[in-house]
Amino acid sequence: MDYSKQIQDIAAKLFADGKIDVFVGYRMNSFDDNQIPVVITDPKEVAELVFTEKSVFNLTNYLKADHTRNKRVGLVVKGCDSRSLNLLLTESQVKREKLYIIGIACEGVVDDKGQKMQNCVECIVPDAVVFDEMLGTPKGIRDYIVNADIIELAGKGLVERREYFEQIFENCIRCNACRHSCPLCYCAKCCIDQETATIYNGSNTSSSAFHALMTWSLHLAGRCVDCRNCEKACPSHLPLHLLHKQNEKVIYDNFQNHLAGVEEGDRGAFYKYSLKDPDDFIL
Amino acid sequence: MSFSTFVTDKTGLQKLYEAIISKHETYAPVEKFGKYDYKKVSSLKECDPDSPIAMTMSVKPLFFPRASKIMKYEANSSGTTIMETDEDPLAGKRVVLGVKHCDARGLQVLDAVNKWDYIDSDFLKRRANTVIFSTRCDKADTHCFCTSLDYDLEKLDALDVAVVNGSDGKIYLQARTGKGDIFLKENSDQSTMYDVQNTMDDVRSTKYEEDMKKQYIAFTGSFRLKMDYKDVNEKMAKRFDSPAFEEASRNCVSCNTCAFICPTCHCFKISDEKIKDTGVRYKSYDSCNNVYFTLEAGGHNPRPAKFRRWRQRSMHKFVYYKERFGVNLCVGCGHCAISCPVNISIFDVVNHVANSPASS
Amino acid sequence: MEEVKEKIVSIEKPDLIAPPDWKPVIVGILCNWCSYAGSDLTGTSRTQYPPNIRIIRVPCSSRVDPWFIIKALQTTADGVLISGCHPGDCHYISGNYYARRRFLVTRELLKMVGFHEHRVQFSWVSAAEGSKFAQVVKKVTEDVIKLGPLHLYKKENFSK
Amino acid sequence: MARVGVFVCFCGANIADFVDVPTVVEEAKKIREVKFAIDYKYMCSDPGQQMIRDAIVQHRLTSIVVAACSPRMHEKTFRKALSDAGMNPYLLEVANIREHSSWVHQKDKKAATDKAGDLVRMAVAKSIANEQLHEISVPVTKRALVIGGGIAGIQAALDIADARIPVTLVERSPSIGGRMAQLDETFPTLDCSQCILTPKMVDVASHPYIELIPYSEVIELDGFVGNYKAKIRKKASYVNFKSCTGCGACWQKCPVKVPNEYNMGIDKRKAIYTPFPQAVPNKPVIDAEHCTYLLKGKCGICAKVCEKGSIDYTMQDEIIEREIGAVVVATGYGMWDAKPYEEYGVGRYKDIINSLEFERMVSSNGPTGGVPMRPSDGKIPKTVVFIKCVGSRDKAKGIEFCSKICCMYTAKHAILLHHKVHDSRAYIFYMDIRAAGKGYEEFVNRAQVETGAVYLRGRVSKIYQKGDKLMVRGEDAQIGQEVEVEADLVVLATAVIPDKGNPALARLLGISYDKYGYLSEAHPKLRPVETAKAGIFLAGCTQAPKDIPETVAQASACAAKVCGLFAGDTMKKDPMVSTVSREFCSGCQNCVKVCPYQAIVTEDIPLGHGSKEMRTVAKINEGVCQGCGSCVAICRSMAINLAGFTDPQIINEIVAI
């Protein structure tokens, strides 16, 4: 999977035709073979652009930044990225007509150690679902796979799970990197920073971390597209995907196989309902 | 004034560590979720004092925790009473093992600000009661640039005992402070370690020093990043209006990670958590990279744009702090670049700005 | 409050034993039009139930933000009960359908991070079901007494 | 700082017997914000209320907690006491220590007292976060819009207009009257439909408070209850109604023949036409789709014969705008197409018709002059098979619901058939006879006894042609045998379905509709005429199938609702509505999606202070918001709050326990 040349050509053409102001892509790190996102405004820098299986970061995160707001943006999206883009479009955070989207029929990306990322192994929607131009051969939607870690956790006892998650909340340093790196966390001011919450959870203690992470994961329930930007950003290397994959599984199983952002106009599972939703857990 | 140096081998060091752990309240890097953090340990098996630099959080939280209680109060119909806070869990006599030199330097840098203006007695007490055992790295990591900054690793007295691997397979324990010297002497085991001064004649002592020097040169040679900090300080001071800040910060996602894991960042916020009648006032980390950091009550925000916040962060590290306290607020540990989701290093930003055209 | 005789161990944290005078607290969040009216009916008909529940009135079960539950569990509650109108009976047409989705996901998430599922329970109680309300409260209270005191992710050093 | 007053009620012995009231007062006094606490025998009595009023003044209280019975009982009483003392009534909180404590924990006084103390503490905590709220008043435009001029629309328009409220009645076809105008006689009394309807139609035309806009459609509705703006497109009729006398010369001479909708296409009308002789207004319109002049520019006969020169081929569609306060939707019904019943040969056999076609045939002003005729050969049928529930109650092929009126009109058809063709016999295949209604069961019996109609309980499995007869094969479940009837004519009581335009209309009005296309009422039991959108009401078969008396009743109910809405110059509303904090709103519009009342719209505001760039934020329409709080709980940014139940209020309660 190497679309560097194609992307360079497309970006160069877009700049030449005056169709975009900014291009968001990937470039190589100067010191190793990993890649970092790059925000290009100068057509001369187009040659830096690359796209390989090392292109991990979900670039739609950059659509909420100052230098892309109300600008015409070209960007590269993989399957998962395009789902978050779909949600951003529905939630009126970006305007479709201002974007030029290069969709990738993604074959999965690898982590720093060269291993295929877990979310790619379990990927359901590898192809970009919203794009102006598609690179690669689309493979279609795959069967839903329940996250391996969730299955493992489900097999553990209550006390064991509690001990495991206590470790997570204790190791959280509440830097909020997860939130800032998440493309779907674009709120003008996050609820956990608002007075209503800080009056009881303003400190960086682990109980505040519990509140923050739980609230965060519930706000992403039915919206999280499993791009793992949050995990990549977490300085404590916390397995944050557990929170999201659990919600995703519950939602997929119970709410008509809902998957966030796959369909155009999807807002997430909490903003619609069905009369057939499970009712047996209610007394 | 010179302090004693002990020489030992791997098993000797392990024995020493074990003895320390059994006798003292000891903290050391403990692995959790693939990341090392300094935790209280009860046996050497739990921890790894030789934890890789790239995977280890800074030692700062042991002295300036991410959230600490500064006050407790009770409010009822008879008024508000301030109660005694619980005992500071970090104030006791303790030892920290496996601290990196850069981290230890970070603490030294923080001493300056904690002794200035408001004297942070909590922080200073924690510092005074702690003996720091460092492990000197043999090889630099991708993002390290500690040797480029304004301190000398070989003479650094931010730590109390430096553990250095000699090229001859021996391990040298160098006391760097009086506290370290006393501690080392008290805890040394005569059967496995011996004082270099006592056992070495002049010839061998010269050889040791040469060996150390050679070893240090090899270590410095392994650095990818190098800068001339003096030059940078001056250049940065002249480039407040440089557009280079914007360019350098363009792909930052403002996630604040850099500040939270930085060994020297010390911005904090104060928050009250009150339930029923009792409240606790906490001091917790904050970051100047946070949009709301400078948001004023009236709604005005002097640093709404990302590059302004980056400018503040870089200038604080290399200009303002230096002006006030004479030291850089950056110790070159590279943690920010390692933890950054998009691998932005303060080194790159500062270098980029310093080498950009000066503003008029 | 209900007298607790035997030694009660927190189910999530077995090394935590309830003090002898421990009385569980259950936070009940009820919708105004069905469940709150139902609880009033329980009172009017003098049906007795355990006194551990503390009732909070909200207009509709859809007003219940999951973080109320998290907040309650973190601060005062040993258990939470949320009650609304039966499906199709919502005074505000569709409120309880939205709420139902959120409740299911919230409950499953809390279960995963180590809460016993009986810590947070939901019920549909109509304005006519005074006796059902009493039964629900009885069940929830008994469940929570069995689970023991809640200790997870509580605000540190706050007396309960 | 807040200064809270706590008033604990004994409620005679109701509370005092089971809760130690003085202890509750002492507990309350320990709270920092509580500056005054007292108990009294009956807080709701005049002296009790006087205590509250006095304390407010004396102790400069900023909020009040009354610990007494359920807030559903006396909240209003105590609010009034507060406002009498010059305090904002919404600074009151009621702690329900009777229904929630003393009455339900009668065996354990200590526990009940503890709980009462906690409930008071919670109420105090909540009241600290209470804000001053003010009743919302929304001005109303006193004009109603009625969509649809069938019996439902006519009745609603007349009732509203009789209350001297102006009504705009919009009808899609050239004349009002609707389906009822097509009927011959009506069950169960068999009075002539036209005879009872036409006077009402004339009343509509002549009523000073009714503005009738025929041949037009509503194309836009903006605004909210009391303040709607409607756009109505009046289709070009090509006839100047002002000068036209309705003499009929034009349509008599028009050479173009078009299937007649009024007669269900059984006969033909002209391209310029009035739908039926009693039409209101009785003025012809030109059907632009078929008029030769309008299509090809030749002909022009009607213009030539019109003495008044009323024909104007250049006429254009016209957009009429009206400001209105309420809408009554009465778009009526249509007949389901029985095509899926292939085994019946629907579409293949000419002598299978639906009941509305039969209705037209037996109607004295109908295409056959009141005598039923076989469409194939014009012969008078002697044996007629009526099949009920064609499409209705058939999940597989048709629709799940019961069409409600077919049982009755089929009985009526059997009687009418007997009246028109004396030697005929009706066979009726049915599933159940649902004759619930005044005089309905008797009417069905009459059909069976008087006309000798044969009721066969069972489904028809097949219809096939044999000679010029139709062989109807079905099962008689009562005898458990297959039966076959040789029929001259088969009449299908096809399902009643809503008007095809309903989904589009619903979207335009911003109301909801069910899977069949019926418009949804706000509550199936308690609010059957209102929609979820305030100020829009439903009458007649647009909501569900119903017969004429029910339709009329619902239309009058709508009228009562409209009149109630317009009773004052402004509408008063509880201030418990959502408010948006623009600062925090990120414009995701999820609230717009979940609001069941369409009370949330969006607005563009500058991005920053003085900025030219705009951002979108939500805006609550206070007039429409009902205060359910759905939007509050789904708002991730916490930008919306519900007055009276804000996040701080509820959280305060939770942590105060």
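A, B, C and D are the chain letters, set down in written order, and residue numbers restart from 1 in every chain.
Everything that follows uses one rule, which is that a contact is a pair of C-beta atoms (placed from the backbone, for glycine too) under 8 Å apart; a residue touches a chain by one contact, two chains touch by 3 or more.
Keep in mind that what you see is a predicted model, and the values were worked out from it rather than measured.
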Problem set entry | Pair exhibiting more inter-chain C-beta contacts, B-D or C-D | C-D
Problem set entry | Per-chain Cα centre nearest the global Cα centre, belonging to chain | A
For this session: Tell me, please, which chain's centre (mean of its C-alpha atoms) is farthest from the centre of chain A?
Result: D
Seminar exercise, completed: Averaging C-alpha coordinates per chain, one finds the centres of chain B and chain D separated by a number of Å equal to 70
Seminar exercise, completed: Per the C-alpha centroid definition, the whole-Å distance linking chain A and chain C comes out as 34
Exercise. Between chain A and chain B, what is the gap in Å from one C-alpha centre to the other?
Worked result: 32
Problem set entry | Overlap residues in chain B, where contacts from two or more other chains coincide | 273, 275-276, 280
For this session: Could you tell me which residues belong to chain D and also touch two or more other chains?
Result: 583, 594, 634, 647, 651, 655-656
For this session: Would you please write down the residue numbers of chain C that are in contact with two or more other chains?
Result: 71, 75-76, 94, 98, 102, 155
For this session: Going by the contact rule at the top, pick out the chain A residues touching chain D in the complex.
Result: 69-70, 91-93, 186-191, 194, 196-197, 199-200, 219, 267-268, 270-272
Seminar exercise, completed: Residue positions on chain D within touch of chain B in the complex are 29-32, 34, 583, 655-656
For this session: Please name which positions on chain B make contact with chain D in the complex.
Result: 75-77, 79-80, 275-277, 299
Exercise. Of all residues in chain A, which touch chain C in the complex?
Worked result: 150, 153-154, 158-159, 161-166, 169, 191, 197, 200, 205-207, 210-211, 214-215, 217-218, 221-222, 242-243, 246-247, 250-251, 254-255, 269-271, 273-275, 277-279, 281-283
For this session: Show which residues of chain A lie in contact with chain B when the two form their complex.
Result: 29, 31-32, 34, 36-39, 57, 61-62, 65-67, 167-168, 171, 173-177, 179-181, 189, 193, 198-205, 208, 229, 232-239
